[in-house]
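Each structure below appears as structure tokens.
In what follows, subunit A forms one complex with subunit B and a second complex with subunit C.
Here is the complex of A and B:
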């Protein structure tokens, strides 16, 4: 049973990662920065509970704020560039964050051991859950509480004027400007909300794995983040959820018995899925 | 209402608009005509802020708006349509109008949260009026991408009107229309004037321009070669030459 709880935890955290890219993608921006915001959230929450002795919930709040603040700061310069240039700029940011944590040491003594991030060796012993006696099932439910909240928030956005404006910007920036939409404000706000969601996801990730390091936030994670809403489609937030279940549940775990052939089949199945549903599982019609 | 003073926009060595002076009085329908490439669309793009002028100034209601970004010019009261229709294709007809409600009055009327996070209920009446005006009420839930050509033109006009503009720039609104549709467009333009909207009409279709405008300016190679009432323009030798080309008219 613990295996399935563990898988559900992973799917939950990756759904948050995917949703953070979803809202940015609505405005037509392909961002590879989401892994960076995820990392900021992970280290923030981990350091606050382990070094600061905080309760997890306010620590996750700090993760959200940290992710949002960094995303907002990145948003202003990054969103001035478009298309491939934006992909490269956000990729560079994500790698910058990873390298920062690769070199980041901040350890304090706690009893007879030292805890905290230690550069390339990573940040071990984020033991909030085991120390407080949470079972795997409880942790899973806790994670899904946040997933449900993020899904609900973005679902609401989609029905509001805000979400509709995001889509308008994604469709045609020139027309959006011309009907009075402030492109910078809209794009930066989407990036900021995405940063907050990725930050919370990172905070949860740090605590259920108990060990994070720079490699947990590499280009592969950034690619997964943007792949989920693309595979899932932009018609609804549930597309992203479906895509995470498909990729993490079916492809990564379901194909484990294939051994080394898994990665090959993994790519082939994604290609097949995108050929069958070019606009994603829950994609719009293209007229 | 709108005044352009020695407005120029160059692309490298090409002088798309070159020292243009124009003055639109409030309530006028002002025609801007000229052969292809004469600088009409560039003028519209400079007035709405999509292109920066190379030199010269743009005054709207007496104030220099040359430094305002596009979305603030809209809020100040300048709306437009595009020559090659730019709708939000994957949004419904209704949503296309909803996202375009960005006038200063709309901002003042609604609180921030109600404006951005409120549902579709609050603004129904106003959008219903726009749908009525453009004859698209029965299509309101259709994706804009699925509309027929004439409907797309009508929706774009309604979308520009959603911002309650004082000045409306129409960039070849009759392109590709049959004469029945042109007749309907003419009715709509006249209705807008009755509502007090000043209109800059960029158009090739003479049937429309000569019928509705109060005054016309003719561009050729970025420069104004003539200005006057429709009757004066039709008789103007330089205009006939620019349009018909070649020999002395």
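Here is the complex of A and C:
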């Protein structure tokens, strides 16, 4: 049973990652920086619970704020340019965050061992869950609480005026601008909300894996983040959820018997999916 | 001061390979208004394929390996076009972005799988030659890398400005519809652009392998990021911009490596990109008001 709980934890965290890219994609922007926001959240929450001795919930709040602040800060210069330039800028930013944590040391002695992030070796012993006696099932429920909240929030956005504004910008920037929508404000706000969601996802990720390192936040993770909503389609938030379940549940776990060849399949399947269904599983007219 | 000059000149020579990668990105952007994210990975893939020559004929001279990498790069470029662009509606920008990222991961994994993730040593030419220019020392292998890159760039410019294919390519990049009305086959020009950039990429990959001394799958991500940074700094679609920006990034990173070490240098290259995004979003040669 623990195996399925573990899988559900992974799916939950990846859903948060996918949703963080989903809201940015609604405005027609492609951000490859989500892995960076994810990393900021992971390190923030990990350092607060391990080094600061905080409770997990406020620590996750801090990761949300951290992710949002960084996303907002990236959003302003990066959104001066649009479309493909933004892809490049966010890709470079995401790699920059990864390299930052590759060079980041901050260790303090706790008992007889030193804890904290240590450059290339990563950040070990984020043992909040085992220390406080949480079972795998409880951790899974805790994670899905946040997933449900994020899904509900974005679902509600989609039905509110704000969601309409986001989609209007995504459909046609010029038309949106001409009816008085402030493009920069809309894009930066979407980026900020996405950063907050990715930050929470990162914080949860750090605690259930107990060990994070720079390689956990590489371009593959950034690709996963935008692949979920694109493969799932942008019609609804549930497309993203469906895509995560399909990719992590069916492909990654279901193909485990293939060993190393599994990794090869991921790239090939994205290629195939895009050739067969360029607008995603639940896609509408535009992707 | 001399150290700084030495680092800058080494970096400048090596930067010629970044310029080649940047040209590949920028040329595809100019013709199709798409980013081919798989380009740097395909270049490294071409360089790896060049090593197959050594498998067939052990002790083959390095230039034969370079030539094989050049040809393999062109073939890979055509495959990338076929798999990522040919069957996908071009009006949908997300789909081709995603398909090329998928291709990037696929090529990466094929390389990891074929080499078991171990770096392979790459043959170099003139690596025992040292030229002295005043106080500076110029490494022979880097000079060769620079020379071959410059020749490749000249060949490309001749192709673009002196042949019918180049004329067609430039026509498509300016006005695809008008070009089609004049009887230019869009699909053929697009495919050939990928072959030409693939050839350049395979060569660039081989030159990088030769000057670093080894190839590793770990090269693909930094090379993708730096190639794209070069493209942005030079201005999307501008070939002269990509050349200047490639040399600039090469020199900059080499100097920063001297001061801050190899693990931190890429961080500063990314900061350089953001400086350009804020102050000159259109690239070196664009007016400061121009935007994508």
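In this text, the second predicted complex is superposed on the first by the 267 of 287 C-alpha atoms of A that agree within 3 Å, B and C clash if a C-alpha of one lies under 4 Å from a C-alpha of the other, contacts with A are read in each partner's own complex, and residues count from 1 in each chain.
Convention: a contact is a pair of C-beta atoms (placed from the backbone, for glycine too) under 8 Å apart; a residue touches a chain by one contact, two chains touch by 3 or more.
This structure is a prediction, so every number in the text was calculated from the model and none was measured.
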Is subunit A touched at more residues by subunit B or by subunit C? C
Of the two partner chains, subunit B (first) and subunit C (second), which one does A:87 touch, if any: first, second, both, or neither? second
With the two structures laid over each other on chain A, which partner does A:271 touch: subunit B (first), subunit C (second), both, or neither? second
One more residue to check, A:102. First (subunit B), second (subunit C), both or neither? second
Contact-wise, after the overlay, does A:171 reach subunit B, subunit C, both or neither (first, second, both, neither)? first
Taking the contacts subunit A makes with subunit B in one complex and with subunit C in the other, which residues are shared? 286-287
Taking the touch rule as given, give the residues of subunit A at its contact with subunit B in the complex, in rising order. 156-157, 159-162, 164-165, 167-168, 171-172, 174-183, 284-287
Subunit A partner contacts - residues on subunit B that touch it in the complex: 48, 50, 69-71, 74-75, 79-80, 82, 86-91, 95-96, 98-100, 102-103, 115-120, 143, 145-146, 159-160, 162-163
Mind listing the subunit A positions that touch subunit C in their complex? 25, 30, 77-78, 80-85, 87-89, 91-93, 95-96, 99-100, 102-103, 120, 218-220, 223, 226-227, 230-231, 260-261, 263-264, 266-271, 274-275, 278-279, 286-287
Within their complex, state which residues of subunit C touch subunit A. 29, 33-35, 83-84, 87-89, 92-99, 101-110, 112-113, 221-222, 224-225, 228-229, 231-232, 236, 263-264, 266-267, 270-271, 273-274, 277-278, 281, 291-292
